[in-house]
Every structure is written in structure tokens, then in C-alpha cells.
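Common to both upcoming complexes is chain A, partnered first by chain B, then by chain C.
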Partner chain A sequence: MTVRQVLPLTVAMPLGMAAVLVAIGHHAGRRMSDVLTLLAAVATTALGCAATLAASHQRVVSWLAGWSPGHDGRSVGLLLEADALGAGIATLAAALTCLAVVYGWRYFDEIAWQYHALLLVFLAGMEGFALSGDLFDMFVFFELMGVAGYALTALKIEDRSAVQGSLNFAVVNSLGAYFSLGGIALLYADIGALQLPIIGQELRTRPNPTSFVLAAFVLTACGFLVKAAIAPFHFWLADAHAVAPAPVCALFSGVMVELGLYGVARIYFVIFDGVLPGAGFRLALTVLGAVGAVVGALMCWQQRHLKRLLAYSTIAHIGIGALTVATGSAAAVGGAVLYLLAHAVVKASLFLMVGGLLNRYRSIDEIALFARARAARPLAVAYLCGGAALAGLPPFGLALGKGFVEASLDTPWVTLLVGLVSVVTAGAVLRTGLRVFLGLGAREPAEADEPPAKEQPDVQRRPALDHIGLLGPVAVLLGAGLLLGILPTWSRAVTAAGAGMVDGIGYVQAALGNPTPAPSIGPVPIWRPEDVIVGLVTTAAAMALALWGARGARAVGPRRITDAVAWVGRGLRAAHSGHLGDYVAWLLAGVGVLGVLLRLG
Partner chain B sequence: MKRLRWLVCWFGICTFGILLIFAIPGLPPVGDVSHPYRDLAVRAAVEHATANTVASVNFDTRAFDTLGEEAIFFTAVLGAIALLRPARHEKDRRLPHSGRVLASTRLAGYVFLGITTVVGWDVVAHGHLTPGGGFQGGIVAGSGLHLAYVAGNYSVLQRIRPLRLLEIGEAAGVVGFIGIGLAGLVCAGSFLTNFVPMGILGGFLSGGTVALLNAVVGLEVGCGVVMLLSRFLEQDLVMT
Partner chain C sequence: MRSMAYFPYFVAGWLMVMGAVGIVWSRNLVRAIVCLSVTQSGTYVLLLAIGYQRHAVAPILGAQDENTRPLVDPVVQAMTLTDIVVSAGVTALLLAIAVQVARRHRTTDPDQLSTLTG
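Then we have the complex of A and B:
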């Protein structure tokens, strides 16, 4: 058996195990269900590793059911195609699922097997989406991820807000998916094929009016942009993250959101690169990414619900990722992938820690938790490390990726924006850390403008904060974030994988049987002295901001400016209303804005 | 806030409309004879002796995304069952009870129960030959079972609806699909390859794995529908 042949098993294995769990779940008992789930996730991780190794030399193309293309380059079959990035993300998804299972060893006792089956199906969806070389298949696995995700989000049924969060998530994502389906229909009507490489090949050889290609791109990308939580498609994300069980949040922020951006990049580089006006694509993704980054950072700072705070920080960071992908430069995309991967593991670890707090102290509110976790020393260290890593503390991988992005783009405003986002989001995380773990600063007066955050804990009992099921996965994740910065082989491999994504023609040719070796790595990320300095400065700034925030964020500077800032903050909070109608309106407007920006470019 | 909402919404709707209006001239004309995918799909169906080309697309050439679709159905049922479980404060559930049923209604119900079930499985069994297949037939057969509730009462439905068995049947439908795929991988070298003898075009035993995959999907969907409806029927809650 070659890697090519077993590639579909990355989807089939977790899915099959989910079905087995449903069949035997009533009888199997808790432990059995845990072990079987872990087994499937570990096996999928191993398969993912094998695929990644193979794909880093040459793309692995697996035409399914024996329908490989004929001499004319046409086929009725569909394919999975693993390049280093796709296979890498598939591996990340499986590995994070392993950690989620270990962390959630005692979650949902009464419906353990259903929870586990949903996790495995979610994994199968992510694997399929990451590896699919077929546009319609991407849509199917997008929906599979979605259905499992909605159920996982609402799993705490006694909590009304869980149902609301899940509903917002489901409606906005489904609506996005319908737009995507519309886009796929346009492309299919024109070309008569659904495979990414064949669409890419055909679209490049025929003269199509720009307005048609533009509409096809806007619609197809819409669903993926929703998943990626790019502004103004991002509203659902915080509502869903606020209520989902912590390990599920780790998966959402760690892989699912990144997969959305991956989907946009995949269809752009394979299908639309060179067909769509490049300037328009750059403009659109840059503007939306930058807006998302700013909105996410500002909203992040204003939260006192810890999971919501982390969720908005994800929105900010993925915005940075989007505006980097927009440039289409191989080096910058490689840097962005390193940055987002390092962000993913750190953010996942933070979600797990916050989940631990919620389960232990039955609260997720920054103020209510004030000084309560003083005794949990190891967790405090880990939490502050996570915050500092977000700020860009060397030698964490985030700082390395950020430095590499800045070096390869060399645009001052991007450097400034990235720095700003790092400082504000990390400042917010550190602020909560200082308050909750160290009891630093002031216990804020009860009349703060945000209502206290409430959430039901994930489990009935109150696990200790030095439990190995919590500290183990957290240590693994933070360790991975650190190694991404320290081990040159790792950072180089990740950057190369990202850079390979840009080579859409290579992707097309590999699928049609003319494999090209993975493109040689251009510049590799190294620790430049200025990166180290910038990293230390942003970390210090974030720390200062955190201290200022913890002490009650007393206004400094002229009154007019502070009033204006407060007004903007209030306006943004009002826009993130939790009202489903608003979210739908913003989604529609997003489609329009995307179209207008593409046209303007 | 409300005005802003409508402003944002109308901006979106108008730009979306403009986008579509400008895109439509780029589409091929209606009734265009050139259709590359149709030509390939029909040829592939005939090659594998599958009279129903749609079934050939769903269960042969694009069988993998049908696995994904089956998984979506499976997950939707699984998710609905998990979310509709009794919450901690819901001590017991009142089962649906029937009022008086006319004798003629009862007679019609039981007659059609039999007919619907047979038709459902017939649609599944001939999926590779005639329009229909596992998804459609499964829905017909599964939902048809509920005529027992319409015609009789809930306890009759409960007796002909062994939920534990159906749960296993549903899972078996997914495992079966994957198993057939794996057999294809082992026997023919690629996951989900149509590897069994194809038979003669139009014959009942034709189409190779298309018929088998139809059967397992029928099993999954038929069982899943009953599971799903059972949860909705028992949602008449007694709050304590």
C-alpha cells in the first residue's frame, strides 16, 4: 500500500470509528469509548504524518475509485491531493483531536460516546476538506465539519446561550455555504467539471468575461470566508466559542478557522490566480483582513468573558493571516503559515486552560475569577507564557513567523498593524492572567459596562488545576509553539509548505500526471536581531498594557480622544449584538463589499 | 440600530443582485448541446453496466463524496439525538398518545404501511436501474413506518421500531459503505473502486458496487429517519 492509496483513509478511519461508537456506545462504557476515540485519532495522526512526509517531496495525488484522467486530461472521478500544507493541516487537525480527547477524558459522562462520535466526524470533515482536490467535495466536507460543529457547540443543552450560539453559528455558516454552492454551480455550468485542477486548467485557457469570474470567486469564497471569520463574516465566531466545550474551542480556533482561510487560498491559487484581476484580490483580502484585525483586537480588549476574549483574538490574528495571503508572495504566505500554526497551538492551549478554570471555579468571568487561581502555580506560568507568546516573545514560533512575514512584505503599515494586534490581544490575555492567577490590580467595580459572563461548566465534578489531563496537553501545545521557533528544521518545513501553496500550476499539473517536485525554498526564516528586539518590545508593551488594564484602565490623555475611543468601543460592541438578523445582514453586505473591492482593484 | 441593519442588508442584497446580473451573460446559453461532463458520465455509466447514470455518478465515479453526504446525514441524526436528550431537570417524558381513530383510517393506515415499506425498499433495490436509490428509498421506508402511529397508537409504533437495533443498523450503514470502499482498495488498488462483476446493463444484478452501496445507504437512511423522528415525537416534556 502506498501513501497515495491510503490517503482516503484519513477520512474513512475516524468516520468508521464514529459509526462503531454509535453502534456499541450504550454497552461499551466510558473507558472503552475514550480509548477507541483516541485510537482512531492517533491512527489518523500517524497517517497524516506519513502523508506530510511524502508530500513534502512531491504532491500526493489520489484519484479515487480508479477514475484517473484520460489522455484529454478529463475525468469523471474525483481526487484527493495532498501538498505539504494540506497534509500538514490534516495532521494538525488529527493531533489536536488527540489532545482534545485526552483533555476531555471525563467530559459528558452520560453521552460520552455521542460526544466522541461527533468529535471524530468533525475530524473526518476537517481531513476531507484539507485534502480534497474537488470543489464539490470541499463543499461536502465543509458541511460535514459544520454539522458536527453545530452539534458540538450546543452540547450543553441546559444552557440557553449554548443553543443561541450554536444557532448563530449554524445559520451564518449554512448561508455562507449556500453562496459557495452557488459559486460552484456557476463554475460547473461554465466548465462542466468539479475537480480543482481541471477547473483551473480550463479556466486559464478560455476567455471568460471578468464579471463572470468575479462573481464565481466571490460566491465560492463566501462560505470559506465565513468559516475563516474574516470581517464582516466573523460575527458568529465569538458566540460559538463562548459556549462550546473548551476542547472543541481549541479545535475551532486551532484548525477550523485556519481551514477556512486555507480554502480561500486553495481555490484562489489553483483556480483564479491569473484569471481574476490580481490587484482586486489583493485589495479585497487586504482591506477585509486589516478591518478584521483591528475589530478583533478592539473587541478582544473589551471582553471579560475569557473565551470570548480569546475568540476575538483569533479573529484579529486570522485577519493578519488573510492580508498576508493577499499578497500572493510565496515567502509571505510561508511566513503566514508559520505564524498561524504557532498561533493555533498557543491559542488552543489557552482555551484548554480557560476551560480548566471554568470547570474548577464554575465561572468564566474575569472579575468573578479575580485572584481565585492563585494557588495554581504551574497553570499560571503556562497561561502567562501563552500570553507572552501571543505578544511575540522570542523564541516562540509566533515571533519568528511574524518577523518573516514583515521581512518579506517590507511594508511599514503591515508591520505596525501586526505589532498593534499582538500588543492589544496579548495585553488582554495577560491582563486576565494577572488578575486571575496573581490577583494583581484592582477588582473592578461591579458597575463595569459589560454584564458578568456566565457559562455552564463542561463537567459536573471540579477537576484540580494541576491535573495531568489539563497540564499535559497544555505543555505539549506550548512546547510545540516553542519548538516552532527553536528548531530550524521545523520552521523551515512549515514555511516551505506554506510557500508551496502559491504554486497553483504545479498543483494542477501534478493532478494531471505531470508531477513537479516541490518548489525549492527561497529565503528561510531566521532570527534576525531586529525581530528579537521587536518581539521583546511588543511583549513589554503588552505587559504594560496588561498592568494598566488590570489596574482599572484609567483613562490617560486628552478627554476628547478618550471619549472618542470609548465611543468606538461602544459602537463595535453594539454591532456585535448576538442578533442573528444583524449577522445575516453583515454577511450579505460582505458579499457586496468583496465584489466591489475586487472590481475596484 | 434597526435602520442601520436594514441599510447594511439592502446594500448587500443590491450588490449581490448586480453581481449576478453581470455574471449571467458569462454562462453558456440555455439548451447548449456541448456538455463535456454529461458525455463522460454517460460513458462511464455504460462502461460499468449501470442503467441509472445518476446512480453511477453518485455511487461509482463520485462515490467518495456520497460517503461524505451519508456522513452528513449520520451526523445530523447523531447531533439531533444528542441535543434532544432529556436535560437534567426533565425527569420524565410523556409519550405521545393517540385520540380516537376511525376504523377506516386504521385500515388505510395499516394497508399503506405495508405498501410504503415495500415501495421504499423497492426504490432502494432498483437504485442502480431506475430513478431513486438509497437516500430516497430509505426516507420512504423509514418515514412510512410512522403510519403505524397515525393509524394505531404510539405503542404499536414502539413495538415495530426496535430503536437499539435501528441505531446499530444506522451505524452498520456507514461501516458498510467504508467496508465496501476498503474492499475496493484491497481488490482493485483504489478506495471505493467498483470491483465486483458488473453484469449486463439493465439486469437486476448489474452495476457492481453501485447496488451494494445503494443498499447500505438505504439501511443507514431508513434507520436514521426513524431514530430522528423518535426523538422529536418524544419531545412532549414534563417539566419538574
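Then we have the complex of A and C:
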């Protein structure tokens, strides 16, 4: 078997097993379904590893059934193409699914084969989206991943908030997907091809970009930006994360959201880089990313629902990722990928821990959980480590990636923004950790008059918090976050994979039969003394903020300023209304803003 | 007659925008879901309009057809079919969730759903 044949298998493997589960699910017991799902996920991970290893030397191109382009450079064939980043994300998705299944072994009571089949279909969608080199296939896999995701979000179908969250998620994402399809149709009308490399090749031979191409980009990017939860397309994310079961949240925050940003970057660098004015793209993604980062951080701090808090932190971090991708600099994008990967594993581990708390103590509310998990020492250590990792504590990979981004961009305001987002989001996570695990601060703080956050637990009994089914996956994820910072081979490989993303021409040429080796990235991430110092300072600041928050966040400073901050916070919370119509209105406004910013640049 | 050639594109754009605006204004979840389908219908019209050629025949070729007449583009038709399948799946799932919302919340008015705010 050659590496070429591996690519279709990574999609077919989970999809095939999902079909098997649907066929025999009634007869297979719960454990049988668990084992079969785990087998498929492990096999997909192995295939993904093989593809990643091959793709890190040279892009792997697979024209399905041999329908490669002829002399005229045209084809109606379907293309799967893996560069190191695409294959790497596919592997990450499969590996996280393995952990989700292992974790689900103890986490769920009453799930049956339907859950397992949905999980595998979700995985197949992610694999296909990451590896596809064809716009229409990207749309189809996007929707496949979407539909499975909506159903997984509404898994607790009896829960009032679960159905509402799933509905918001489904409508906003589907609407984004249809706009994407509109954009894809426009590109097809213009070029007569659907494959990214062929469109990219053709558009680069045109003299001037037309408004038509710009409109096609805005529409196509819209769906992917919704998935990536870039402001103002992000509203669905907190709702979906707040209600989905913890292992599903880990997949959402760990890989699905990152896939959205990956999709935007993929179509931009392969098709539109050098076609649309680069300044417009930079401006648009920088503004939207920065707004998302600030809004996410401010919303994160105000939450007492633990999963919602983590969800807003994801929005903030992906915003940072977006504004880094916007620069188009290979080194910065490489750093951003290291940063987002380390963030993904740490965030996934935090979601799994919060799921453990929910099942044990029947609550997801920071204040209701006050001091209740004091006995769970190992989990407390893991939770606080996770929070500190988000703050940028060396030697976690987040700090290394962040330092590398800052070094390669060298823009003071980005450094400041990244620092602020890290401090505020990690401060919020640490605050909950201090309250729940250590019982620090006030038991009845000011915000206690709000109604507490509620969620149905997923089991009848109350599983212990020191069980290997919980601590194992958490340790693996946190360990991965740590190793990304410690092992130079890992951090170098991840950065190189990210940097390869920028090379759109290489992607085009590889698909057309002229493979080029991945470009070298030049500098590699190393621990500079200033990164270590900055990391320690942000961690200390986050800890101080957390202590201040746990004590009841008493206002300091002039009255006028604290009032203004409180007013902004209340306004933001009111904007995140949970109302479907509002979210769609924001989406439409976002499309307009995106178009205007692209034009302005 | 040339201006008529733009008409289907106008219809497609109109359907897509009006579907989305319809979701914003919906006071009923089922109506919102139907509006989503309207948006998607816009994409069908757009795709089919792109593949259309005047005086062309359907892209069905027999074994001994030495047909020199132009064909309409079969690729967009295949895309439209796929799109319809996707839409059927999404709409069915959404309606099922809407039924469940109606059971749990005793309403299908998005303004009355208040479990997820802030």
C-alpha cells in the first residue's frame, strides 16, 4: 500500500465502521460498540501518522481513481492532498477521538451505538475536510462534520438548554455553509473547476482581480469563519460548548474550531494569495481576530458556567490565531500552529476535567461547586496546571508558540494583546480552580444572586474523580502540551508544518504533478530568556487576577473607569443573547464587514 | 434579451438573502428552519443557472451518440443533487430538534427561549 492510498482510507475507515455500527448496533452491546469505535479511531490515527510522516517530506497527492489532470491542466477528478499540516490535523482529530472514546467509557451511562456512529461520522467529516483539495468536497465534509456535530450537541435530548444550543449551532453553521456553497458556485462559474490547485493556477494567470472574485472569497470564507468562531460569527460556539457532553466539547474546542481557521487559511493561500490584494486580507482577519480575542476574553471572565467559560476562552485564543495567520508570514503562521495545537490539547483536557466535576457533583456552576472538590488532589493539580499553561507558563508548548509568534512579528500591540488575552482567560480558569478545588475566596460572592448554571449529568451514579478513565486522558493531553514545549523535534516539526501552509504555489504545483519539497522555515522556535520571563510574568499576573476574582473581584481604581468596564461587560453579555435571529443578523453583518475590510485594504 | 440572462442570478441572490433575513425575523422555529431551506434553494438556482446554456440538451449520452449539440454542464447538476441530499438531512435533523424544543420549552418562539444567555 502506498501513502497515496492512505488518504482516502483515513476518511473511509471511520465512515465504514460507523456503517457497521449502524448495521449491528442493535445486537452489539455498549462495550462492543466502545471497542469497535476505539479500533476504528486508533486505525485512523495510525493512518494519519503515516500520512503526516510522508507529507512532512513531500506533499501527498491522490487523484481519486486516477482522474489526474491532462495536458490542458483540467480534470473533473476529486483530489485529496495532504501537506504536513493537513495530515497533522487529521491525525489530531483521530487521536482526540480515541481519547474521547476512552473517556466516554466511564463518563456515559445511557449511550448506545448511535453515539458511537455519530462520533465516527464526525471524525470522517473532519478527516475529509482536512485532506480535501476540492472546494465542493470541503463543503460536503463541512456539512457532514456539521450534522454529526449538531446531533452530538443535542445528545441530552431531554435537556432544555441542550436542544436550544444545538438548534443555534445548527442553523448558524448551516447558513454559513450555504453561503460558502454560493461562493464556491461563483468560483466555478468563473473558472470552471472545483479543485483548489486548478482554481489557484487559473486565477493567478488573470491580470486583475475582479469584484466577482472578491465576492466569491467573502462568501466562501464566511462558512469557514463561522466554524472558526471568529467574531462576529462566533455566537453559536459558547451555546454549543455549554450544552454538549464533555468529550464532544473536547473535540469541538480541540480540533473542529481550528479546522475552520485551517479552511480559511487553506483557500486563501492556495487560491487567493497574490490574487486579492494582500493588505485587505491582512486588515480583515486582523480586525476580526483582535475583536474576537478581546470579546472572548471579556466574556470568559464573566462566566460562572464552567464549560461556557472555557468556550469563550477558545474564542479568544482562536482570535489570536486568526490575526497571526493574517500576517501571512511563514514563521508567524508556524508559531501560531504550535500555539493553537498546544492550546487545543490543554483546552481539551480542561473540558474533560470539567465533565468529571459535573458527573461527580451534579453541577457545572463555579459557585455551587465552591470547595466541593477539595479531596480530588490529582485533578486539582491537573486543573491548575491546565490554567497555568493557558497563561503561558513555561515549559508548556503554548508559551513557546506564543514567544515564536511574537519574535517573528515583532509588533508591540500584538504582544500586548496576546499577553492580555492569556492573562484574562487563564485568570478566569484559575479563579474557578481556586474556588472549586481549594475553596479559596468568598463562598457567597456578589455574583451569587444570578441563577446558577445548570446541566444534566451524564451518569446516574457518581464516579470518583481519581479514576484512570478520567485522569488517563487528562494526563495524556496535558503531557502532550508539555512535550510540545520540551521536545525540540516536536516543536520544530509542528512549526515547519504550519509554515508549509503559506506556500500555496507549492500546493498547486504538487497537485499538477510537479512536487516541490516543503520550504525550510529558517528560524526554529527556541526558548529565549525573554520568553521565559514573559511566560512567568503572565502566569503570575493570571494567578493574581484569579485570586482577586475569587475574593469577589472588588473594584479597584477610579469609579468612572470601573463603571465603564462594568457597562461594557453587561452590554457584551446582553449581545450574547442565545437568540437565533440575533446570531443570524450578526452573521449577515459580518459578511458585510468582511467585504468592506477586504476592499479597504 | 441579454439582460434576461442575469435574471436567474438575481433570483438566486434574492432567495439567499431573503432566507437569511427571514430567519432574523422569525417568531417561530419551524418558520426559521423553512427560511434556511429557502436560502439553500437560492444555491440550487445559482448552480443550475451557472450550468445552463441556451439551446443545449440534457447531459445524457447514449453509447452511439455522436452528438455535436452542446450539453448543459453536468457537474453543477451533480452538485445540486448532492446539495439537495445534504439539505434533506439537515432539515430533518433541525425539525426533530425543533419538536424537542417545543416539548421541553412549551414554545417555538425564539424570543421565549431563555436558557442560554450571556
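The criterion applied here is as follows: the second predicted complex is superposed on the first by the 586 of 601 C-alpha atoms of A that agree within 3 Å, B and C clash if a C-alpha of one lies under 4 Å from a C-alpha of the other, contacts with A are read in each partner's own complex, and residues count from 1 in each chain.
FYI, a contact is a pair of C-beta atoms (placed from the backbone, for glycine too) under 8 Å apart; a residue touches a chain by one contact, two chains touch by 3 or more.
Here the structure is a predicted model, which is why all the values come from computation and not from measurement.
Contact with neither chain B nor chain C is seen for A:434 once the two complexes are overlaid on the shared chain. Shared-chain residue A:87: touches no atom of chain B or chain C.
Residue contacts after overlaying the shared chain place A:302 against chain C, while chain B stays out of touching range. By the touch criterion defined above, A:143 lies against chain B and chain C together after alignment on the C-alpha atoms of chain A. When the two complexes are overlaid on their common chain A, residue A:161 makes contact with chain C while staying clear of chain B. Once chain A of one complex is fitted onto chain A of the other, the partner contacts of A:128 are limited to chain B, with no touch recorded for chain C. In the superposition on chain A, contact is made by A:65 with chain B only, not with chain C. Touch criterion not met for A:393: it reaches neither chain B nor chain C. Looking at the superposed arrangement, the partner reaching more residues of chain A, out of chain B and chain C, is B. In the superposed model, A:423 lies in contact with neither chain B nor chain C. Residue overlap on chain A between its contacts with chain B in one complex and with chain C in the other: 76, 136, 140, 143, 147, 150-151, 154, 157-158, 186, 188-189, 574, 577, 579, 581-582, 584-585, 587-588.
Taken in their complex, chain A has these residues touching chain B: 1, 5-6, 8-9, 11-12, 15-16, 18-20, 22-23, 26, 62-67, 74-78, 110-111, 114-115, 117-118, 121, 124-125, 128, 134, 136-137, 140-141, 143-144, 147-148, 150-151, 154-155, 157-158, 186, 188-190, 192-193, 208-209, 211-216, 218-219, 574, 577, 579, 581-582, 584-593, 595-596. Remark: chain B residues 1, 5-6, 8-9, 11-16, 18-20, 22-23, 25-28, 35-38, 40-41, 44, 57, 60-65, 67-69, 71-72, 74-76, 78-83, 85, 87-89, 164, 167-168, 170-175, 178, 181-182, 184-185, 188-194 touch chain A in the complex. For chain C in complex with chain A, the residues that touch the partner chain are 12, 16, 20-21, 23-26, 29, 32-33, 36, 39-40, 42-43, 46-47, 50, 75-76, 79, 82-83, 86, 89-90, 93-94, 97-98, 100-101, 104-105, 110-111, 113-118. Across the interface of their complex, chain C is touched by residues 76, 136, 140, 143, 146-147, 150-151, 154, 157-161, 163-168, 170-171, 174-175, 178-179, 181-182, 185-186, 188-189, 194, 238-239, 242-243, 299, 302-303, 573-574, 576-582, 584-585, 587-588 of chain A.
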